[in-house]
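Alright, structures below, take your time with them.
Two complexes are shown next, each including chain A; its partner changes from chain B in the first to chain C in the second.
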Partner chain A sequence: MNIANWLRALGQTTINALAHLGFIFRFFIAVLLNTPMAVTRARLTLREIYFAGVLSLVIILVSGLFVGMVLALQGYDILSTYGASDSVGVLVAMAMLRELGPVVAALLFAGRAGSAITAEIGLMKATDQLLAMEMMAVDPLARVAAPRFWGGVISMPLLAALFSTAAIFGAYVITVQLIGMDDGAFWGNMQAAVDFRMDVLNSVIKSIVFAVIVTLTAVFEGFDTEPTAEGVSSATTRTVVHASLAILAADFIMTIFMFRGV
Partner chain B sequence: MQRATIDLWVGIFVAIGVISLVFLALKVGNLMTWSNAPSYRVEAHFDNIGGLKLRAPVKAAGVVVGRVENITLDSVSYEAIATLNIDQRYRFSKDTIASILTSGLLGEVYVGFDVGGDEETLKDGDTIIKTQSAVILEKLIGQFMLNQASSLAQGDHK
Partner chain C sequence: MPSSDDIASLNDVHFGYVASRPVLDGISMRIPRGKVVAIMGGSGCGKTTILRLLAGQMRPDKGNVVFDRQSVPRLSKPELYAMRRRLGFLFQFGALFTDMSVYENVAFPFREHTDLSEELIHDLVLMKLNAVGLRGAAYSRTNELSGGMARRVALARAIALDPLLMLYDEPFTGLDPISLSVVGQLIRRLNDALGISSVLVTHDIYQSLKIVDYVYFVGEGRILAEGTPEAIRSSTDPFVKQFVNGEEDGPVPLHMKALPLATDFLGRAIEERAQ
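Up next is the complex of A and B:
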């Protein structure tokens, strides 16, 4: 009897999880179907690019710069033991483009912009603004969700590229300007090792996938909020936690397909 | 926040974002010199390619002139066939020697071109006849040990 109860609970959890996943997917389709609104009323999307992208610039650029500088210092320290200190540029560029750039930028984006989107929509729901919109025959999915979704999806790949660029610049400052490594070796080795399709294009693909994951999670959690102060706070937390975990899982899967056996 | 200010900032953001993408593609990924440059293909047959990998550089006098595009095994002669993608700007004589080399002890494996004196140049689809296979360190050590052992054995007989 006890086992039957336990199995029943397991089955219920599985079904709930699947239903939730299906709900998120249908929400995703609904947002995509409302895309025309984000295009025809571009001002709304522009405003979201400002809030999600421009306001994340400082944290992205500063983090990128420091990640690059630290990676260069540590890489130089270890690589010089093997007489391969010329490869510091390669190390930083590869690490940034293939993994750290898109992943860390997406994690920061989830914390900086994703949480803000959820909190904003959640509060709109808690104060019945979404209901009011429906009363005025304005679809909240088109007016609120679509612009935020596309604003995030446009901003995030640009932020990831800026993050990688800032990191490579940081590595340049440390190795060439501070340590005094040769400028030509730094760029030359990097250019010889980095492949456009393999590394740069895959980096952009990763960042676009992460952008969809983060913004979809953020917008969905906002709409899914329980309309209370407590509900908004827990929805905001869920956005950051779920988006971060999803990013790491998606990154692992994409890395397997992109870089396995090369 | 005024509309014009938001527009300005979004404009700046998108502009530097696109610039950094271009920077990654051109300066870091070196797209300018490779993918788009017209190139021609030549084949080279090797007895053993050692640790040669796809996309390994092809160098002449230390300058990167192409990449290894494909590696297959000839099922008749059991030779490795490496397809090399060479930049159209560079021309090499027909009797060029392709050898598999390693930069340094632990460095990357690459294909080195030693240019010969033939008047005719390699064209798309040509095969390089003179090749030099990779030096397999284990075989070299094995040979050395064998020589040592046989010379020791000869010493015993005397």
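Up next is the complex of A and C:
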């Protein structure tokens, strides 16, 4: 292939990607404009909070616990060679709040809840349910998209907080209960080092951004599904892949702005 | 000619999903009030497209679609949604909501569009289900229904808000002869009992000639033939005869338009030899 063809292909891909992004953005605006029903009929949104949030609890809590325990074991191993094993709690808390909590919880959420949202909406599209809704004069954006979007956006940050909490508890179990570190030092150092604005608030901001990314991707891919069985399965895969990559990219950018010069 | 006796009509409608390939090429038809009208034609001739145009899902490129004295293509989105409350649409496979029970499916239009009390909704849902003979299935899950039952539940849902016009997209496909007859009679009975009008898209000429008042044959984007069931049965039109008797070749060719055989099979060989 010669250079001109290659450049043309690159240009075409870029244009397509931008057009796709624009399309997603317009969808985002449309969902926001169709939000009132998700508020006035809170049951619709509560149902989605149950499916996206409550049903993700087990995987989030178990994963958080294990991530915290592993981090504590490794951290203790390394920090004790510098005589700083008192700081294991700090290490775990910082790592979880600043990065791992929001990021890993969002990745798990994309796999557990995002894929389910896409598959459900995609199936509704493939079996004409969305069209049937429109024919009954009910807007699927208001009845299907908005409650799922807000259900996800509300659930995800809470799950991320629980994920970090479980991890810190896991680290506590390892260092204090198993290794026998002083629990006053564990909690005290952590409390002294963790900054509310710097660490906790940024963690919340990150998890909200990731929540929007994952849920918007999931709902959009559902509506954008090609109405066949293969269409649904490839849309589900796309949700997980695109959402995961977008989370990592957004995390990198936010980390630069939040923690530059720390 | 369109008259105020028509609940809906298409006037010289042209339409194509892509500009290069028109699907409908000047279709005119009338749906008189109180009648059941069938639209027939081969697969892919644009029958579903006609229903979609009637329901305002798409706009014609040229020509007009009228429903209840309103010009459908000119309606704004809120007006269109208001219009659709007077329209029932039965999808080919029912399109029941799979995350709801039968009861909730039929209750859906009431919950979305009315402020009726739970007791009233309960009675209405059971009445609608009774009309299609499935009151006993009210508390079943949708995946426990057979294809024919699912379609009848969808019918109960479609007539929930007492539409003026029912659109049926191939309600007979995949049904055994008994269910088929049940659904056919149901369509006719509901039409007459509720005083509504119906459009029935179907391949099933035998079943539909028994229940409809008027038939349009569509092909190549036009109306190829039309008439009452008696006129259709006794028609000498070769196209109608082919359709009624189910002959495989006739005015409707067996083969889709394609390149000449020689070009398709030998094209590469010819090109290679030329080099």
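Odds and ends about this structure:
We take it that the second predicted complex is superposed on the first by the 254 of 262 C-alpha atoms of A that agree within 3 Å, B and C clash if a C-alpha of one lies under 4 Å from a C-alpha of the other, contacts with A are read in each partner's own complex, and residues count from 1 in each chain.
Everything that follows uses one rule, which is that a residue touches a chain if its C-beta (ideal position, glycine included) is under 8 Å from a C-beta of that chain, and two chains touch if they have at least 3 such contacts.
The structure presented is a predicted model; accordingly, all values stated were derived computationally and were not measured.
Shared-chain residue A:Ser244: touches no atom of chain B or chain C. After superposition on the shared chain, chain A has more residues touched by B, the comparison being chain B against chain C.
In the superposition on chain A, A:Asn34 makes contact with neither chain B nor chain C.
Within the superposed three-chain model, A:Ile49 lies in touch with chain B and out of touch with chain C [touch as defined at top].
Of the two partner chains placed around the shared chain by superposition, chain B is the only one that A:Ala93 touches, whereas chain C remains out of contact. By the touch criterion defined above, A:Leu159 lies against chain B but remains apart from chain C after alignment on the C-alpha atoms of chain A. Shared-chain residue A:Thr118: touches no atom of chain B or chain C. Using the contact criterion defined above for the overlaid structures, shared-chain residue A:Tyr82 touches chain B, although it does not reach chain C. By the document's definition of touching, neither partner reaches A:Thr225: not chain B, not chain C. Shared-chain residue A:Thr236: touches no atom of chain B or chain C. Contacts from chain A toward chain C in the complex involve residues 120, 123-124, 127-129, 131-132, 134-139, 143.
For chain C in complex with chain A, the residues that touch the partner chain are 55, 57, 81-82, 84-85, 87, 89, 91-93, 95-99, 108-109, 112-113, 154, 157.
Touching chain B in their complex are the following residues of chain A: 43, 46-47, 49-50, 53-54, 57, 82, 84, 93, 97, 155, 157-159, 161-162, 164-165, 168, 187, 190-192, 194-200, 203-204, 262. Within the complex, the chain B residues that touch chain A are 1, 3, 6-7, 9-10, 12-14, 16-18, 20-21, 23-25, 27-31, 33-35, 54-55, 57, 64, 106.
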